[in-house]
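The letters A, B, C and D name the chains in turn, as written, and every chain counts its residues from 1.
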Amino acid sequence: MGILIDNHTRLLVQGITGREGSLQAKQMKDFGTNIVGGVTPGKDGQEIHGIPVFDSVKEAMDDTNPNASVIFVPPRFAADAIFESIDGGIELIVAITEGIPVHDMMRVCAYLENSSSQLIGPNCPGITTPGGSKIGIMPNPIHLAGNVGLVSRSGTLTYEIIDLLSGNGIGQSTSVGIGGDQVIGTSFVDILELFESDTKTDVIVLVGEIGGTAEEDSIDFMKQMRKPVIAYIVGVSAPPGKTMGHAGAIVSTGSGTALEKIKAFERAGITIGRSPKDIVLKLTNILKK
Amino acid sequence: MKLYEHQAKGIFSKYHIPVPEGSLITKAGDAMEIAEKLGDVVIKAQVTAGGRGKAGGIATASGPEDAETAAQRILGMSIKGLPVKKVLIEQYRKPQKEMYLGITIDRKARRPIIMASTQGGVDIEEIARSSPEKITRMHIHPLTGVHDYQARMIAYQLDKENSLTIYDVIKKLYRVFDDHDCILAEINPLALTAQGIVALDAKMVIDDNALFRQEFGEEESVSLEYLAKKSGMSYVGLDGNIGCIVNGAGLAMATLDMIKQYGGEPADFMDVRAGANEEQVRTALRIVSSNVNVKAIVVNIFGGLTKCDEVARAIVDVISEIKVPLVVRLAGTNEQEGRKMLEKYGLITVSSTEEAAMEVVKLGDSHR
Amino acid sequence: MKLYEHQAKGIFSKYHIPVPEGSLITKAGDAMEIAEKLGDVVIKAQVTAGGRGKAGGIATASGPEDAETAAQRILGMSIKGLPVKKVLIEQYRKPQKEMYLGITIDRKARRPIIMASTQGGVDIEEIARSSPEKITRMHIHPLTGVHDYQARMIAYQLDKENSLTIYDVIKKLYRVFDDHDCILAEINPLALTAQGIVALDAKMVIDDNALFRQEFGEEESVSLEYLAKKSGMSYVGLDGNIGCIVNGAGLAMATLDMIKQYGGEPADFMDVRAGANEEQVRTALRIVSSNVNVKAIVVNIFGGLTKCDEVARAIVDVISEIKVPLVVRLAGTNEQEGRKMLEKYGLITVSSTEEAAMEVVKLGDSHR
Amino acid sequence: MGILIDNHTRLLVQGITGREGSLQAKQMKDFGTNIVGGVTPGKDGQEIHGIPVFDSVKEAMDDTNPNASVIFVPPRFAADAIFESIDGGIELIVAITEGIPVHDMMRVCAYLENSSSQLIGPNCPGITTPGGSKIGIMPNPIHLAGNVGLVSRSGTLTYEIIDLLSGNGIGQSTSVGIGGDQVIGTSFVDILELFESDTKTDVIVLVGEIGGTAEEDSIDFMKQMRKPVIAYIVGVSAPPGKTMGHAGAIVSTGSGTALEKIKAFERAGITIGRSPKDIVLKLTNILKK
């Protein structure tokens, strides 16, 4: 059934009455996700696509008992929405919102350490288990059920790769976008650990980016994994010292370039995909065995 | 967003971090009067680009005339393509000892980190590479801020004799960092002078995501980067001739990588973000096509939050303003509607990033 | 330390929590002019004791003369033994709805707790007893402060229609609580009036341990409590005739309990703290003996940090000033030296708390 | 060997160069405590009673590897000293300091939740295991080794009771003062749990005070204990609404009075000592069995 989400997932949508929240709630529902409620302060009593709306997470908890939450709240209110979910005891929190201040996220992550919640994101596309459940904004039609676990720091690039895999008949167990910001709740290693012990996953695709050392930090774990990993790192052509898009992708001198990451992976014996097409090629080879 | 030195020093002053006495001027003629009051002075070009010292943007002067001459010269300069419009004139303070003090974010630890070294005044990244043991690092808990004992430990390591003042500077610099949503707050060098401890330089980089609650008045300059940021997008200028408009940084980088693989050179990188709307795409097209180096543009959209028909409509709206050829790749949400709309206008649409990269490299070559 | 209502309201104003317009006066003659400006007014005795309303310390007045008469009356009053020296004259605001909002410390949870109720304006402890479900309680994480969602939830429960203003008041009251080391910050009632939400009363109790970093100017009054606090000790006035000087609150309470068991009545309770020094013991003796109800004094010291010989020396120093009989119990650090010193002066020393209690009750009885 | 401290305890004294710190370090050393170092910023390199002094906990950790720390730092600097010990990874922290602002202690306690440290106090006399080790300020001569575990919120009253027990030939396994402030690191229940599983402890004496509900909060645990507890609550004669001595002893109306506590204990079948003498009497009866 993949990782993180399954048939028992009962989802709460924070920010459900907003443009994105409402649209994506519909998409998730269409995908088969069990959305039990939504939260928008002041909108208690409304219904969106048949989903009851509450003023607060606590009221939603009391009435509908969700165990997961997805955040579509605008950046300046998003950290507070995450605090609300943590305090509510929600187990899995997926923050889609892009543009949350990094100081807010440092506070949230320190707060998480003493809680029972896990945070995916922010600035991420979420989690999809084809044939099962979806939390987030990955387009519905691109997925195909299968045995490849995908974990990525990117958003649209993740769609691109999933689409390509599915188009080539390669299905996914679960696809997870962990988010591209500097400070995020769940790391590559956290997800790799889950895939390693997931019976439905046989191979893993890891999509990394320039900036930081999140990719390198996962090498030690990957070396001891039983399951093969194919890594694809974008930003080979990025000039050092420039911020490429989101805050996560700052190249600090001497570390964080795509080439350094790729070299470190190769030294550790991890298969590198040179392009999305190359990933498909190498996956096909592995899956044939 | 990088602040100018004079902006950062203004903030330092407000927090009572000692900085040299000085004034900001835009006309060289104002230098004389200031230098008369301050004595020996340092004249510093106000640009946010690094390496202004090496570029000749910093000069010392003794005497008012000397100061005016130097100010005149520096106000005429350009540093990394940016004209110097303002200079800071400060009283010269002879450093007896130059230290480094900086606060930034450690992504892996997910907390702020204070870095300090007795080897300041130079390229700290070089020291970090060559003698990492010379840099003290200390993580700060984001919910408590810097503990007194931490500030004291760092102060003792930097200069035990002047530790009380340095302790104070560390506590205040952390408040500056915290209050202003800094990604970096740095003093290099933090100098010991005959007049005591003083911040001879000041660097602050603000989290762009927090600009809604921070106010700094002056922006770096009205650049394409700035125009993009104002519209909630992200623009990076590069050296080639292919303009790139993509939704999502990861996909954008993948696109750039492929353009390079096919032998092309990107002219820029415009990330319209995952949820770009019609208006943003229009702005993106206008910004990218205003870059004179651009000979061809690729638009690569994988619709999720973004709807492909909205993107197509935006392209159609501004197509008449764009003088270079365009390759459009649309996938995901409302892909068919979008492609149909563009085909009516005879625009090339392709279905994969690879194809888009290949096509645009060809077009770029033929338009050189 | 309890603040006066007008002090608390002054702090509220600084934090932009709405309070009625008003002035503090010490002379009834000043009431007329103020009432002329404000229209209908409320005149409130400024004392820190509770129950001033029941005692007649609050009056409404319409018209300047009416106001002066009321002010005159209240300024002549004493409430719970304290003379009323100041009154606050405020514009009268008719409450359409009276709510309760308070922040205090939950010892068990070891965090601040916000309490709110739509049933304000009355004895909140009575409501807590009789209908606890009418009080919303919410714990606050001391390292983050009140989360926005928490303030919003409480505001919705108090009055959804005016929730924006109430939200704001909650956030600000928490800042007041946090910035001033409060043990209690309370608005009762928080009223909805024709002019909007307003704090009709204000109560702040400050942690005495934090007074080194808080500044409030005015103290409650120069009382024995205040003199003790100033010397780092703790004094509580009671109704009996036996003065009690003990080091440590637990031992002090045990001493009081035993005095009662032997049929005596304590006149007060002076905790000189576990580490009392000579000077503090001298001050304690002077304060306790200045209480005219005291007919006999017991000094009960178990030396740990405190040294018995220092205590003995302090007693010897001031013995001539003390007009009532004294029972001294010394145990622990330097006990023998202390007892020897006192015996030279013919003072009764005993070796247990029980014995001390028994002896002092006897002495108190014979001196009635 | 009693609870919390034993022969492996390696103690660090924070504030060792102060009047109290120095005096009490000497007393503890005389008692037999293994004091490995002291901390006073700026006094690095000095020695106090042959104990090396360091500028910081970190330096003391590096050189002397303590596993316990005692705080004699003045109130306004005490919370920071506790933070320093927590960050240093010290397992047991005993804060003697009286007069620490309660807001500081709330922050410290929240910080403790996600740490590996246990805090006793503040405003407490510390811990003594007769014949073993002592951390704190209880007078050395009053103790006698035995099988009674003592836990108390008071300071000097604790000495009084220990002295009385010892004088009557009743020895103690360990005596613990948990501190009289409103917000403290370790509760009655925490200590009762340790005594319950300590092989050297057969009976427990609990000394409570008016104010708060710390005593009542321990009733549920006491009911299920195998070992007998004798409770003594002071403040029967205290009038409600008055602060009796330290901040911990505020009587809130309707709860926290000594009589209510005593009644609650009696309802739960817990033996009440009416006075120190009565404790001795009842203890003697229990120990005879």
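Here, contacts are C-beta pairs under 8 Å (C-beta built on N, C-alpha and C of every residue); 3 or more make two chains touch, one makes a residue touch a chain.
The structure displayed is predicted, hence computed values, not measured ones.
Taking A-C and C-D together, the chain pair joined by more C-beta contacts is C-D. With centres defined as mean CA coordinates, chain D is found 54 Å away from chain B.
The distance from the centre of chain C to the centre of chain D, with each centre set as the mean of the Cα atoms, comes to 28 Å. Under the contact definition stated at the top, the residues of chain C that touch 2 or more other chains are 141, 143-144.
Residues of chain D in contact with two or more other chains: 107, 111. Contact topology of the protein chains: fully connected, every pair of chains touching. If you check the complex, the residues on chain D that touch chain A are 113-114. Across the interface of their complex, chain D is touched by residues 105, 107-108, 110-112, 125, 128-129, 141-143, 178, 181, 183, 207-210, 212-213, 232, 234, 236, 238-239, 246-254, 256-261, 266, 269, 271, 273-275, 301-305, 331-333, 352-354 of chain C. On chain B, the positions that touch chain C within their shared complex are 143-144. Contacts from chain C toward chain A in the complex involve residues 141, 144, 147-149, 152-153, 156. Note for the complex: chain A touches chain B at residues 20, 24, 75-76, 98-103, 105-107, 109-111, 125, 137-139, 142, 152-160, 163-164, 180, 182-183, 207, 209-210, 212-214, 217, 234-239, 242-249, 252-254, 258, 275-277.
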